[in-house]
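The following blocks contain the structures, represented as structure tokens.
Presented sequentially are two complexes of chain A, the first with chain B as partner and the second with chain C.
And then the complex of A and B:
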């Protein structure tokens, strides 16, 4: 307790030197918490958007379908089983049929996926109801990324060509009935959404689907032969890998910032021991053991971290709060990155992240303070008193 | 009280390495100090005064011989045990005061008591009493930088005396002070020596200090050349 009291007095007495170190450490703390908060905010927002726009409360995949294997599309479909059909008719699920196709926007060829979905569905946020319009043509919707890439606008007609279930090529024109904006690129890039019954007719796959999207909040998923239930662990697997990589790159920022701040503390400690030799000798003459003095200097160094947590809380809390309220704008063009990313990310700060960051900073500062302080243990008190120990 | 021996030094030799050779600072010193003495080790620079004080103060170890401090042979003491003896039984006064710059006068004087884990109330009483001894009751909130040299040395005396130690070791306490301040300081120490029966040992070559001593030990080239009682 004595060491803490003395260390506090010495630190505060050191004035500007202390406050500069405290500021640098608190800057590291706040930036680290902010960086992790942004990644976590992205994680939360992206998963929320993916549930809203694409995966609902989970999916059933046809046993031959694999989202990551385009070749599985040929065989990865089947008749909707009665158990799932019941869920679909009660509004708790919606079937989706996928087939590979080619679109010819502006006379150019583009490989795309045609997705058939019930226009009256309420499971995902896509504005499928606009496909219920003019019945003389096939109405389709596309995302903004697809619209930008193909230069298609609402009411534009575009030719598409596909193979039916027997492998026969067929072609038609479809009308772009709506363009939706979503943060989820999987349902947008190279995707065209049509009414399910139209696609089933076009592909001669009446009553068939590739996968089924379940309503959010469904607590149980019955076992259905030929169909495999996919939970969030599978559906978010790829995105989780992106987040993991982001966490790793954030850790590099964390390390660089922390190293810079610790270098300042280390430098201060070395300088402090050099400048305060007489004081060290006086402590020993007054009856402190050398290790008590080492401990005092270590606590002094470590207290930079304690003060930095307080300082970080004082100036960082309003800043982080404002960021979490107003969001952190992503650079223009980030929607083309290919992963779910909102235009603005609202950082999410977990108590765990803040506590762990603060503890890591405190531990690292203590270690960095202890290393030069050990030198005191080897000092001769008589030399220290004369200021000639080094 | 005056005659009980609290320090005895036997065949004390101290050598320091100097490049490839050695410098002998003390050569076979034999001395005894009794409780309540007001004595000084005098001699020219390099005669070994400070080295002798450092060994008596358990801040340094002899090369040969031994110093028995309050019944404890210095050579057999661990670093921790030596620190404990300094903490409880010794006070130091330095030429350059060695006050802790970030602490107030009160806190500087309080410091030795903090190490003794005294209660807040006891500490406050003892510190105010010590400041009254040296006439600095009105400066308790000042920082050392706001004091004159004489005032700083009086704070150092208060710090050395606040725990009522058995021994006070003063190394050239007046070297940085003018004549008036030197006399004031010496009168203060003389008064405390008489009132509290604290043993004072000075290392000095200042005639003003010598004029106050009751015993003068003269060192020349690390040897005791004279040991004389100046005042009974």
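And then the complex of A and C:
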């Protein structure tokens, strides 16, 4: 207890030097918590958006379909089995049919995917109901990224060419009935959405689908021959990998930041021991063992971390709170990155992250404080008292 | 009166017998154009919204299943090589120093920005194997009297369900072709001009391909020299020749 009291008095007595170290450490703490919060916020938001816009409560894929293999689209479709058809008719699932095609916006050739979906579906957030409009043409919807890339606007007509299930070409003109804005690029970039029955007719794939989207919250998924249920573990696999990579790259930055802060603590400790030799000699002369003095200096150094946690809480809490309320704006053009990313990320701070970060900073500071303090154990008390131990 | 009817019937019979069947015309075209091997130097003039550009190349082909093309100009495309073997297509790009196989969605991409896609190049040109031909009318194309041949796919799954070909009545060579989608929409048009006699056969030295859904004036394919039925070494048609 004596060591803590002495350490606190010495720290406060050191004045500006102490508070500078405390501020630098608290800065590291707040930045680490904020960055983890942003990555976690991105993770939570992106998964939420993906569920809302694309994957619902999970999917059934035709056994020959693989979303990462465009070649699988030729064979990766089949008749919707009765078990799933029942879910579709009760509004608990929606089938999607995909086929490769070429679009000619403004007379330019562009490879695209045609996606057929029931316009009256309520499973995903896409405004498919607008495809129910004018029945004299095929109505389609596209995302903002696709609209920007193709310079298409609502009510524009665009030619598309595709091959049917047997491989015969056909072409027609479709009307862009709506443009939606979504943070999920997979449903937007090079994608055109049409009414399912139209695409089934166009491709001679009546009653067929490539995959089925289930309603969010569906807890059980029946086993269906020829169709494979894909849960979030598979559907988010690619995104989880991005987040994991982001965590790893952030850790490097944290390490650099923390190292700089710890370097300041280390320097302070070295300077303290050098300037306070007589004080060290006096402690030993008054009956403290050399290791008790080492402990005193270590506690003194480690207390920087304790104070930094307090300081970080004082100035960091309102800042982090404001950030979580107002969000962190992503740079312009981030839409085209190719992964789910909102225009604004609202950080999510986990108690675990804050505690672990604080503990790591305290442990690291203690170790960094102890390393130069070991020198005290090798000092001769008489030399120390005369200020000639080093 | 009876004599008049007899004369009219006789005339119609003569007319009918002078019009060959669609199948005969297709066979005549194949006979005229088919060669065991072809070695040619040619260029493609691709017209687009931002002007036109010319790509020159040398090409070797054997039958319908083996073809090797080496691009010689412009500098950006020089050294690019393409190999077609049966239903597979590989391309070598000197800038990346890699050979890639063109498959799936990539086959639908245009060749060097032209109106031709890779899958157009993969098509089997022996149409008699795939289409039922009938003569539907007579017309003129390139100031020559032509039969209009309508080709209907023999079975489902042909790339184009209906084709129309304008065939020179005298030289048995197509002068124009139109490709239609399943719904009857015109998708592509090809004009064949500058017909010359090459080693005893009539051969079009200039072709203009036009993707009708795409803007621009299409792609001109101009043959500057062609040799038919010459021996081509086997190693030309191997992946080793790509590098």
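The rule is simple: the second predicted complex is superposed on the first by the 390 of 390 C-alpha atoms of A that agree within 3 Å, B and C clash if a C-alpha of one lies under 4 Å from a C-alpha of the other, contacts with A are read in each partner's own complex, and residues count from 1 in each chain.
Here is the rule we go by: a residue touches a chain if its C-beta (ideal position, glycine included) is under 8 Å from a C-beta of that chain, and two chains touch if they have at least 3 such contacts.
Here the structure is a predicted model, which means the values were calculated and not measured.
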- request: Sticking to the clash and touch definitions up top, decide whether chain B and chain C on chain A clash or fit.
  value: fit
- request: Considering only the touch criterion stated at the top, classify A:317 as touching first (chain B), second (chain C), both, or neither.
  value: neither
- request: Based on the superposed arrangement, let me know which partner A:259 touches: chain B (first), chain C (second), both, or neither?
  value: neither
Task: Determine, under the contact definition given at the top, whether A:111 touches first (chain B), second (chain C), both, or neither.
output: second
Message: Output check: A:381 vs chain B and chain C. Expected answer is one of first, second, both, neither. What do you get?
response: first
Task: For A:289, decide between first (touching chain B), second (touching chain C), both and neither.
output: first
Message: After the superposition on A, what does A:278 contact: first (chain B), second (chain C), both or neither?
response: first
Task: Have a look at where A:161 lands relative to chain B and chain C in the superposition and call it first, second, both or neither.
output: second
- prompt: Once superposed, minimum distance in angstrom between C-alpha atoms of chain B and those of chain C?
  reply: 70
- prompt: Touching chain A in the complex: which residues of chain C?
  reply: 49, 103-105, 108-110, 153, 156-161, 179, 181-183, 185, 187, 211, 213-216
- prompt: Residues of chain B touching chain A in their complex?
  reply: 54, 57, 59-60, 79-80, 83-84, 86-88, 90, 92, 94, 96, 98, 100-103, 107, 111-112, 114-115, 159
Complex contacts: residues of chain A adjacent to chain B: 2, 5-6, 9-10, 12-14, 278-279, 281-282, 284-290, 292, 380-382, 385
Task: Using the touch definition up top, name the residues of chain A that touch chain C in the complex.
output: 70-71, 73-74, 100, 102, 104, 106-109, 111, 159, 161, 163-164, 166-172
